[in-house]
Amino acid sequence: MTGNFYPLLKWIILPPLAGFVLNGGIGKRFLGEKGGGWLGAAAILLAFIFSFLCFSDLLNLPAGHRLLRDTLFNWISAGSFSIDFALRFDPLSAVMALVVTGVSFLIHVYSIGYMRGDKGFNRYFSYLNLFVFFMLILVLADNPILMFVGWEGVGLCSYLLIGFWYEDEKNAAAGKKAFITNRVGDAGFLIGLMLLSYLLARQGVSGLDFETLALNINLLDGGTVLGFGAPTVIGLLLFFGATGKSAQFPLYIWLPDAMAGPTPVSALIHAATMVTAGVYMLARMSFLYALAPRALEVVLVTGVFTALLGAVIAALQSDIKKVLAYSTISQIGYMFMAAGTGAYAAGIFHLTTHAFFKALLFLAAGSVIHGMAGEQEMFRMGGLSKEMRFTFALTAVGWLAISGIPPLAGFYSKDLVLEHVYAHGVPVLWYAGLATAGLTAYYVTRLLALTFLGGKNSETHAHESPLLMTIPMAALAALALTGGWLGSKYLLAFLDPASARAEISPEAFRLTMISVITALAGVASGFFFAIPAISDALARRLSIAREVVYNKFYVDEIYAFAVIRPLKRLADKVCFGFLDAGLIDGLLVNGAARLTYRTGAVLRNLQTGNAQGYALTFTGGLILLLYWIM
Amino acid sequence: MNPETASHFMRSLAVPLTLTAAALAALFLPMIAGKDDARPGLAVLGAALALLAVFPASGPDSISLFSGALTLSPFTNYLWPFFLTALAFTVLLSLRARGGLPGAGEYYFLLALAALGLMLLVSAGELLTVFIAVELLSVCLYALAAINRSPAGAEAGYKYFLLGSLGTGMLVMGIALVYGTLGTLNFEAIQSALPFSHPSSLIPHPSLHPLTSTGFIFLIAGFSFKAALVPFHMWVPDVYEGAPTPVSAFMGAAVKAGGILILYRLYVLTAGSAQFREIFWGLAVVTMVLGNLMALPQQNLKRLLGYSSIAHAGYISAGFFGGSEGLKAVLYYLAVYALATMGAFAVIAAVEKDERGITVKDLDGFSGRHPWLAGAMAVFILSLAGIPPLAGFFGKFYVFTAALKAGCVWLVVIALVMSAVSVYYYLRVLTAMYMEKEHTALHARPSRAMNLALILLALAVTALGIFSAPLLRLAQAAAIF
Amino acid sequence: MPFEHLLVLSFILFALAAAGFLTHKNTIVLLMFAELMLNAANLALAAFAKLSGSPEPQIFILMIFAVAAAEAGVGLALIILLARNLKTLDIDEIRNLKG
Amino acid sequence: MQFIDANLLTIIITLPLAGALALLFVPKEKTGLIKNLALGISAAALLFSLRLYFAFDAADAAMQFAVNKPWLPDWGINYRLGVDGISLLMLMLTAFLTPLAILASFNSIQEHQKAFYASLLALQTGMMGVFAAMDVFLFYVFWEAMLIPMYFLIGVWGGHRRVYAALKFFIYTMLGSVLMLAAIIFVYLAHKAQFGTYSFALADFCGTAFPLKTQLWLCATFALAFAIKVPLFPFHTWLPDAHVEAPTAGSVILAGVLLKMGVYGYLRFAVPMFPAAAQSFAPWLALLGVIGVVYGSLVAWSQPDMKKMVAYSSVAHMGLIVLGIAAFEPAAVSGAVLQMVNHGLSTGALFLIVGILYERRHTRMIEDYGGLAKAMPGFSAVFMIVMLSSIGLPGLNGFVGEFLVLFGSFRTYPWLSAAAVSGVILSAVYMLGMYQRVVFGPVTHEENKRLPDLNAREWAYMLPLLAFIILIGIYPAPFLRKIDAAVRTYVTAVQKPESALAGERGSHKPQATNKERR
């Protein structure tokens, strides 16, 4: 076991847990709103500070050996399994931990303002802290099993927070949908792990921590499952789990509904942190994917496809949060693209910048909704730039960042990803990525235009949000401005020293130009189509296409029709109705009992009461016996 | 005869003589001094006396009296007290709340004589004595069944008599044929006269003279009638229902035992022949299957117990195949079965309005009004159903183990499955008592004697299972003949 | 008259008695048929007595006679009781206890 | 203390029965006294069991606290007791659940209280006996005797179709066990034939050798008896009826302990006695188990009645456990045993929860509820945790068991275990669906608006359950350590007949590995 024992790690995850317990247990009664909110935020800040300390200690280590470990206790040990509750802190975890705690802290602060006066205030903060706790377990876990704890834990919190306003049936339903969809992915993830541990165990490797796995993964090379390479199969199964968690095709359907939750939640869980867990997992398991190029192909294609799909749908949504939701799906597609080309660093880099600007955009949207007293329909907004100057300014930063306008964050990371895709050498994919970039610029511009520019479309007098909300947004904006440049300068090198800013393709400059132009084109068209007359005309033209896209290609309906309803039918009609109640219980069990009873009832009639009949049977029996003897 | 044998002689006959004396006393004393409550006391006294008198007589040695007409052996040492206990309990049952039965004098007289008949039956050393003992028993029972002079009683008595006389006919014919072909009626003599009983002739299927086997078939039929094996069982439910409940109890507990044991004697005689073993096998199976099946839909509790007694006859005869282990098990089984069935009838006797007894439905909600009676009933019923830790389970276990040891796997499997089936009708009684709402209030004011009987029986049924070692040891000692 | 004939005769008698027992309806007649069965058996015993020449069977026969008499006595008493209670001697009408 | 430790098992077994008898002599008007006496007795039993737990030496694989006194010596029947890790956990589970069940009945049981608590305590004696008996005859006696109190619990204090359910439960179980009795006697006689001595000692039974064909027959009868008790698909249909009709306490004990007896039977009797036969049956058991997982979950999904749904979810959970024990892989078996405990806790808790609702609204139909989170926040929180434990959320007890079973059995039956993972999804589908319809959403029924939240008594019996649900989820190590030795003995006992396949990584069925290589 390499890596130095480092007891400080556990202190990263403990404060959020404490926050959860306090807020959840005694919050409502003793802490009240003020105390609860600040306690929650403080817990996260503490976690951030600790991760920063660990980070700085990590930096002091030589580039090759940057790894800290902390084993709390032996969690599960039976047979040949021995799973420790152990944390690891290497560059990858460090970045994730910092991003998670940092962004979470800002969003906690923001939430104090946003959730003011909500009767579930303490419940909200306890859930939020619990989420951070699980998220940190996810990114710090030293073995996939413990990682799975965080993996499902964040899913739980997202379930709880989506359905936070449970009185409304559809919020609760959305939460359920999210959880179950995730579970579908998790099932794949589990089977992948089972297969992995099984195959390694057959080679005599029983340890499951990442170190051991990485060291022995080569044993799987050449091994096949159902004719495919073992690593490929495992990689695909794990990736299937990732598609659930990170809302990629085909399991992305839950994320749009997830917007039912409070907006800060959407910003934190469904934009900045949880949904990117899949990317983190791929990066974490990179040693496996190194052996499974075909799996990576699938990852890449899925990423591209999802990115494009998400962007297309986003381009036609009218609910401000839905737009951002699909944009998230599409942006995560970019991260998977990067992973698919093997450029995990680039993926994480985009993850980081995305965390900044998407969180910013969500918070801005939240501030707008807050200002518009809960209004989310963009066509009923407009002209808010005057009433909400500050929010507008900050949104603008996010807008430029995501559109990929240099020198903001989005530009650096997205450009890098696209370069890798280009270098991968399948032009189609690169074009698709580019198109996505253009679309991105388009829909986010459209969002900005519809919301803040033009004339007012509603009577509600919007008001600027309180400082508690705007200051965190400002902080994020600052990161969105500078994050890209800093990242490309330090982050990449920190993540994998090897390919530190190595020249990816000779024509890097040309590519950059192209993507920038695309972005600008997108922006322009965004403004253009935002002019009502034109948009209406267009809408009339391709109304059908618009319908289809607006309803997300009816994927939900298809699932319902093709999967859920048949399954439910199977359960109700076949399994319960026919098999259980009918065949097994009705016919076999009770049937046998009834038959026995009936037989008795029939035989009983022999007992006519007529003594002579009895005598007859008597004699008959005697004759029978005589016959037997003769 | 030398004095030593003479003392043997006296001691051995002490029991039956005391019993006869008690019986006669029960009959005549009331006529002499019209003191009603004296009679039963006398009967019980006689029974108790006999019970005490038997112990000195007991010993490992077996005595042959009247040139082999009677054989007193450990076997009888076990069974005489058994029948006397049954008699004693029957008397206690007869003393229920409403003062003695009409014509009580001859009632106790007949009961005592029936018991005497049974004692002679199991101690008989040759077939004619068996015949006479059976007749003594039967004639008393015909009368006892009808002793209430009620329609139901009369019908029961008549049916019993009619079929009984048919059985007698068979019996006599059987005796005639056996005697005619073997030239003797003495069991040992018969045993040695039969070809396969010679150790010299170890032919796989030694054949009997057809007339001999015919004779044995007639005998088997005749005794199967007493033991209530299907298809010679059909009198049982009707008679059990129609006869006064204490009499039914006596039939179920004691008379059945007599029939079973004499059948066992025949089994031992003929066991050398595969065909006869098959016959006994078949009788056992048919009996346990049909008995249980027909019990399922019964409503009248006395009928139900009648069918259950048939089924149990089937279980018991499974023990025949187990050699002396089997006999030991059978003897144990007979005892615990007698206790349980006696108890069940006792509860009925305590609550019934007329000798037709009660239906299962009448017991609805019984536990609410009479928790202790219901509890006792539950114990008896569960013991009959063979649920551990009650005695009935141990009885079944011992018998089936013996049978399985003799290799009768299927017989045992069938028996076990049927006993699972039987649970249904036994539990119906519990269900009624504990799980239904009361609608016909049964008023029971059991007499002191009745309560005593119930307590003793319930305790015995509970204890004799878990602590079955002593009773088993007695059975062990008796299991030689 | 050889003993086989006697034996056969007794069998025939027994069979006839049984047949009558199973067919006639009058309770008293049934009783008589039952007695007839016993006597058929006695006849068989007599036959065997002829065969073996030993006195034993005759003693059996006497005893059986005695027992039969006692049985018949009780039987008749029961029939009278029945006639009083059910006002019938027809076996088919005596069937209140059944099932 | 000396005396107590010597007779610890006897005390634990007999104490409840003695208490039950004592109860019978308390005048039935004194309900308060009856309740407290019952609770006190079960609590005392729990204390003694704790003594047992801590005195138990996990390192020692042999039977501990063994007792061996002659009972019916002529028949080789002895009063043999003893515990290994598996029995220990089962005893603890029983001792732990009974007081909770009693506490939960204080309000819901209003008639024949004396008889009720007496039956519960008698039942406890039966269960304890089953788990401690090391003499097959003794085991059978407890196994059967236990039916009586359970029959009364369902039949007297149950719902509308209680009589039907009680009879069905009794006869169905009986039918299975009488055949087992035949097999037991058969083995007993075979042992006599081989060794010349009569003995019902479990060890002697395991020492008796049979030709494979005979073994298959004997093992089949045992397997059937236990399959009915588990219950394994398709022998499960008595369970929903029994559960739905039984009173809350009855359901808790039934799901919490009685079902475990089936699995325990496999672990203790069927498999060690007939290892070779067990080897050839194992794949079929595993298959039935997995069918149970999928089928049970699907059927649970279509239940409108909460209790029935939980009942079917039990079928699914038990199926997974059977998969675990049929894998003959140390991890899987440990997982299965731990999962037995987990299922006892979480399903027991679920039945208690349904009971809590039933006490307030006298309905178990899901659609009669909705929006309870508003009126009963505490209850909703508890319900949430229990539900999550039941669907195996990592961090709670359910996951540890499921993880070990799935990962362990994957090494023996890759395909079956993979199929069993679908249970992970389906359980979420029905459980979350039920929870959402009951707790979330708007309040649809007026009467639900002012339902009181958990009272002190209800907290008192829910909190211990929650504590263990979380403790086992986070730190299962001590429990796993207790059973480790026993599990290894079990696995090695099976692998002896084909030691070629028995590696320290558990036995790989050749066909299974071939599947992998294809």
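We call the chains A, B, C and D, going by the order they appear; numbering starts again at 1 in every chain.
We adopt the following convention: contacts are C-beta pairs under 8 Å (C-beta built on N, C-alpha and C of every residue); 3 or more make two chains touch, one makes a residue touch a chain.
Quick caveat, the model's predicted, so the values are computed rather than measured.
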Chain occupying the middle, per Cα centroid: D
Chain separated most widely from chain C, comparing mean CA positions: A
Chain centre separation (chain B, chain C; CA means) in Å: 26
Intercentroid distance (Cα basis), chain C paired with chain A, Å: 97
Gap in Å, rounded to a whole number, between the CA centres of chain D and chain B: 44
Distance from the mean Cα position of chain B to that of chain A, given in whole angstrom: 79
Sites on chain C at which at least two other chains make contact: 18, 21, 30, 91, 94, 96-99
Multi-partner residues of chain D (each touching 2 or more other chains): 171
Multi-chain contact residues (two or more partners), chain B: 158-159, 162, 166, 237-238, 298, 421, 424
Chain-to-chain touches, reported pairwise for every pair that qualifies: A-B, A-C, A-D, B-C, B-D
Chain B to chain D touching residues, read off their complex: 382, 387-389, 393, 397-398, 400-401, 404-405, 409, 412-413, 416-417, 419-421, 423-424, 427, 430-431, 434-436, 468-469, 472-473, 476
Chain D to chain A touching residues, read off their complex: 168, 171-172, 234, 237-238, 295, 298-299, 301-303, 329-335, 338, 371, 373-374, 388, 393-395, 399-400, 403-404, 406-408, 410-411, 414, 417-418, 421-422, 424-425, 428-429, 432-433, 436, 439-442, 474-477, 480, 484, 487, 504-506, 508, 513, 516-518
Complex contacts: residues of chain D adjacent to chain B: 72-75, 140-141, 144-145, 147-148, 151-152, 155-156, 162-163, 166-167, 170-171, 174-175, 178-179, 181-182, 185-186, 188-189
Sites on chain C touched by chain B in the complex: 7, 10, 14, 17-18, 21, 27, 30-31, 34-35, 37-38, 40-42, 44-45, 47-48, 51-52, 56-57, 60, 63-64, 67-68, 70-71, 74-75, 77-79, 81-82, 84-86, 91, 94, 96-99
Chain C residues within the chain A interface of the complex: 18, 21-22, 25, 30, 91-92, 94-99
